[in-house]
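Think of it as A, B, C and D in the order they're written, each chain with its own count starting at 1.
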Amino acid sequence: MNVNFLGKQLKSPTVLASGILGNSFDILERVHGAGCGIVTMKSIGPAPRDGHNNPTVIDLGHGLINAVGLPTPGFRHMDEEWEDLEKRDFPLSASIYGGSVSEFVEVAKFVAEKGPDFIELNISCPNSAKHGMLFGTNPESSFDVVSAVKRVTGQIPVIPKLTPQALSIGEIAKACEEAGADALCAINTAGPGMLIDIESRKPILAYKKGGLSGQMIRPIAVRCVYEICQQTTLPVIGLGGVTTGRDAVEMIMAGATLVGVGSAVKSRGIDVFSTITRELAQWLEDHGTTLEEIRGAAHG
Amino acid sequence: MEKKPVMLKIDQVQCHNENYATLFFNHGIEFIPGQFVMLWLPEIDEKPYTVSFHSKERFGVTVEAKGRFSQRAVALKPGDLVGVRGPFGNGFSFDAHANVCFVAGGCGIAPLAPMIESVPGSKTIIQGARSDDYLLFKDRFSGSDVHYCTDDGSFGQKGFVTDALADAMANNMFDMVYTCGPEVMMKKVFDLCEANSVRCQISLERYMRCGFGVCGACVCGKERVCVDGPVFESQQIRTLDDFNKKALLKSGKAVTLNDYFSWRSA
Amino acid sequence: MNVNFLGKQLKSPTVLASGILGNSFDILERVHGAGCGIVTMKSIGPAPRDGHNNPTVIDLGHGLINAVGLPTPGFRHMDEEWEDLEKRDFPLSASIYGGSVSEFVEVAKFVAEKGPDFIELNISCPNSAKHGMLFGTNPESSFDVVSAVKRVTGQIPVIPKLTPQALSIGEIAKACEEAGADALCAINTAGPGMLIDIESRKPILAYKKGGLSGQMIRPIAVRCVYEICQQTTLPVIGLGGVTTGRDAVEMIMAGATLVGVGSAVKSRGIDVFSTITRELAQWLEDHGTTLEEIRGAAHG
Amino acid sequence: MEKKPVMLKIDQVQCHNENYATLFFNHGIEFIPGQFVMLWLPEIDEKPYTVSFHSKERFGVTVEAKGRFSQRAVALKPGDLVGVRGPFGNGFSFDAHANVCFVAGGCGIAPLAPMIESVPGSKTIIQGARSDDYLLFKDRFSGSDVHYCTDDGSFGQKGFVTDALADAMANNMFDMVYTCGPEVMMKKVFDLCEANSVRCQISLERYMRCGFGVCGACVCGKERVCVDGPVFESQQIRTLDDFNKKALLKSGKAVTLNDYFSWRSA
C-alpha cells in the first residue's frame, strides 16, 4: 500500500510513534520490517537525561499512562547510533525536543546534518516541567520554535507534534503552518492523569503525573485532527489510540494523511503495522474506495 | 484490564546470606518458569525480578543486594507491602523427555529453580558462586545430579561453572542447556553449546520500564528483553548482536556491558 | 456514613453529578433514596434551550462521550419543579450556567431565592460554544464570575465546577478561592472527543464533539483534584470516573472531601450511591481508618 | 464494550399504508419483546423505535410517519444505511400458562407483535386504529382470537379498543393484559384492569437521549423509561404519578401530555 508523503514514497501509511521502541537502530529496522511506513526515533534532547524513576509506564487496560520523562543520551552522544542510521534503507523521522528555542535550534541543526528523512518537533511532551510543554500550548511560542528550526534544517521536512492540552489545537496548527511547518503530527499524550495506590497511599508513577495514550484517547485524537484540518491544509500524521484498520479509516476521514501507532504495539504486537495496513487495504477494497477519496470525508 | 501494581504483603523473608534474601508472598500468580515480575517500592523505584519460588498460592523472589533498590528490598520485613506487576516475559520452553542441563552463576539460579522443579526426568545442575556463602538453594534440588563450583573452592569444585559444563558435556548428550548468570558466563556457556551442537536457552537482563514491549528501554539488538525474552534460544542468540556486548542505559545510551553494569554504582 | 460538608450533615459522601438524571423532583428524590449525599440538578441556564439533536450520549465501554448541549427549561420556567423542590427533605445543589457574568448573576440570584442547599457554577461545560467554556479555562474570568455570583447568593455556599481543559486547574482553583468560592467541584467532562462513523463518514454526535466521562477520565480527575488541593484549602467534590468504593478512596486520598458520581450510574445502576458508600465504609473498616485520616493522604 | 451505532443496511421496506412502513434488517440481535433500538439517520437525528419483527437473524422496526425524523425513515429504501444502537429497555415479562390479552392502539401493535408471537397458548388480541388502512399486521396473528376495532368502522367493530376490552373481560379471566398505544388509551386500559383486578403491562414513550439510564431525559415520575421501562407493571403504574399526565420536553421542561405530543409539530 504505497503512499507518497512530502515527496517520499512509503510502503504503508503507518508511522511508529516517538517514544515507542525507537531506542536503537536494530529495533527501528525491525519495526520497519514489520510493515511500518516511517519509524520515529525516541525524542532526542539537548543534554543527557535519565528520565524519571520507575514506575514510568502503566497499562490501564483501555490505554496506557506514562511519565518516562524524556530520557535521552543527548544529541551529541549518539555517534554509534547515527552511524548505524546512516546505513538505513527505511524512512526515518528524528523526534527532537529542547527547553528553549535556542536548544531546539541547536539540536535540530545537528540532527539535520545526520540526514533523517523528517524532523519531528516534540513541542508537546507533558512529562517534563521544563521541556516543551509551553511551546505547544501557545500559538506564538509554537510559531517561534518552528520558524527558528526551519531556518537550520534545510530541505528536511519539519513536523511539529501537537498536544491536545492546547485550548485551541487548530490555532496552534495554524501558527505552525505560518511558521513553515511541512506537516503536523497530532496528538501527543492526553491528560495528564494520576494514579494513586490506595494501599500505600502514594501516587504510582514516580513522577506522579503521566500522559494518557491508547484506545481511550482516540476520540480526543480524532477531534484534534479534525480541528487541525479545518484550520490548515498541511498533511497530518493522525496519532492517538489507533489500534485497528477501522481506527485508521476513522483518523483518515478526520483528515489525516498518515496514521501514527504507539500504544497498540502492546495489544497487537510489533506486527500491528502490517496488520493495520492490511486491514485498512481490505476495508478500502471492500468499500471500493481509496485513501485519497476517504481523506477528510467526515468534513463533507 | 487495568494492570497497576498490586500491593502484596510479604509473608516471609528468608535470608540466604548477608547479600541474598527471598521475599515470599501468599498470592497465586499464573506463571511459566523464567518469567519475571516488576517489584515496586513506593517512592523508591520499580525493578524486574525473576520468580524463584512458585506454587499454586505462593511465590518468592530472590534478591541480591547491590544498589539502592535491592538493598532496600532485602531489608524488608514480613508484613511490609510491595507492589507487584506481572508476571511478564516468555519463560523457558521445554520438550518432554529431553535430557537437560542447568548452568547457574550466582543469583542466576533464581529463574532456573522453578524450571528445575517443573522439568521431569533426568537433569544435571551446575551451580556456581564466588564462595560457599553465596550458593543459593543448596538443598533444594536433592535427587538431581548437582555439581557445585565456587571461585575459592569453599564448597564443591574450585573453578567456574563453564569448566564443569565442559566436563558434563563430555559424559552426556544434552538436548538443552538452560543458563542464567553474568552475561559473560552465559556467553561462554552458549559457545560451549554451539561447539557441541547442543541447544541452549539463556535468560537476559536489561534496564526495564514498561515490562510489556512498548517503551523500548530493554532492547538487546532487535529483541525486547521484556516480551520477546527474557529467555532466548540458540537460534535467536546467534543473531543477537548485542548479546554480551551492548546494553542501553536508563538514558537510552548504548554502552558496553562493562559500562552498563557499573554505571549504577556511580 | 455521616459527613459534614459546609455545615450540612450528609448521609453519604457521594454526590450526584449534574446532568445525570437530575431532571425532575421525583428522580432526584429517588437518587437520594438510593444513598446519595447531595443530589445536583441538571445545569439550569438563562433561557429555554433544547440542547443538541441526538445522538447526544454514546457508551464507549470504558466511559461515555456526550454533547447534550445544556438543555434547560430556563430558570424562569420551572415553577412547578421549584415548588416540588421546596418540599424536599434532602440536600440539593442547583447547578447553573450563563453565557456572561450578568447571565450567571441573573440565574444565581433567582435560583438562590428558591433555597437550594448549594449552588454549583458550571463554568466548564464544553458542549456549547457560547456558554461557560471561557470562564473555567481562564483564572481572571473565573474570578469575575465567582465573585459576582457570591454577591447575590447570600448564605448559600457557591461551588464552581472546573474543567480539566484548563492549562493549570490549580490556578483556576486559586482564583475561585480568592473570589470567595465555598468549595470546588472537579471535574467536568474531559477532551472533548469526536467519533466518526466510517460507514456513513459522519461524526456520530450531532454536535460532532463531546465531553468524555466515566472510568477512562478517572486518572485525569484524580490529577486535577490533587493539583487543586496543592493550591487551595477549599473542600473539593472529586468527580470523574468514580465507580467503586476503591475509586472513592483514591479520590479522597487525592484530597477530595466528597466524591461525585455520574457515568457510573450506567454500569452500576442508581444504587451505585449506596454501593459506593458501603464499599468505602468497608474499606475504611478493613484498614482501621477514617475518611478524615485518608483525606489528602497521597500528598504526604 | 463500545456501543456506538452499528450501521445496518436496510434489506426490505414494507409499506403498510401511506404513513406506516416497516424497515427490515438482516442482522441478529439479542432481544426480549418490548425492547427498543435507537435508530440513527446521520445528520438528521436519532430516535427510539420498538422492534416489531424479530427472528434469529432478522429484525424489523415499524415507523409511523409523523415528523422530521419518521417521515425520512419511512422514505428509506433497501440498501440505505441506518445506525442502530441497542436493544435497550426491560421488555415484557410473562408467566407460563397465563391467559393473556393484548390491547393495541395504532402503532402500539409494534412492541406487542413479537410478544404475541412468543407467548404460547391461548391469547386474545384487541387491535384498534382510526381506519382499516391504519390497521397493521392484519394477517400476522391468524390462529389467535383477534378483535379489530376502527374509529370509523371501516374494518371490524366500530369503536374503541377499550370497549372491546370491557367485553372481552366479561367473558374471560385474564391473568395479564399487555397494552401499547396512545397514553390516554393505555390509562383507560389500566383503569379497566384495576377495576377487574387484572394485572397489566404498559409500554411508555418519552423523549430519549442516552437510552441507558444516565441522562434523565426520559424520566416519568421516578422511573427512567429507557431502562426501568419502557414496560411497567400494575404495581409500578399505580405509583407512576406522571403516567398520562406529564412528560419532559427536549429542554427538560415538564409539560402536560397534550403539550408534549404537539410541541414537535411547531
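Going forward, contacts are C-beta pairs under 8 Å (C-beta built on N, C-alpha and C of every residue); 3 or more make two chains touch, one makes a residue touch a chain.
Since the model is a prediction, treat every value here as computed from it, not as a measurement.
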If a chain touches subunit B and subunit C alike, it appears here: A
Contact-graph separation of subunit B and subunit D, given in steps at minimum: 3
Distance-maximising chain from subunit C - centres being C-alpha averages: B
Separation of mean Cα positions, subunit B and subunit A [Å, integer]: 35
Chain centre separation (subunit A, subunit C; CA means) in Å: 34
Centre-of-Cα separation between subunit D and subunit A, whole angstrom: 51
Per-residue overlap in subunit A, given as positions that touch at least 2 other chains: 60-61, 195, 202
Multi-partner residues of subunit B (each touching 2 or more other chains): none
Chain-level touch network, classified as line, ring, star, complete or other: line
Touching chain combinations (by label order): A-B, A-C, C-D
Partner subunit C, residues of subunit D touching it in the complex: 1-5, 7, 38, 40, 42-47, 81, 83, 85, 208-217, 219, 221-222, 224, 241-242, 248-254
Residues on subunit A engaged by subunit C in the complex (per definition of touch): 60-63, 65, 137, 164-165, 167, 190-196, 198, 201-203, 208-210, 212, 215-216, 218-220, 222-223, 226, 246, 249-250, 253-254, 283, 294, 297-298, 300
Subunit D-touching residues of subunit C, taken from the complex the two chains share: 19-24, 26-27, 29-30, 42, 48-51, 53-61, 64, 66, 68, 71-74, 77-78, 80-81, 195, 197, 199-200, 202, 204, 206, 262-263, 265-266, 269-270
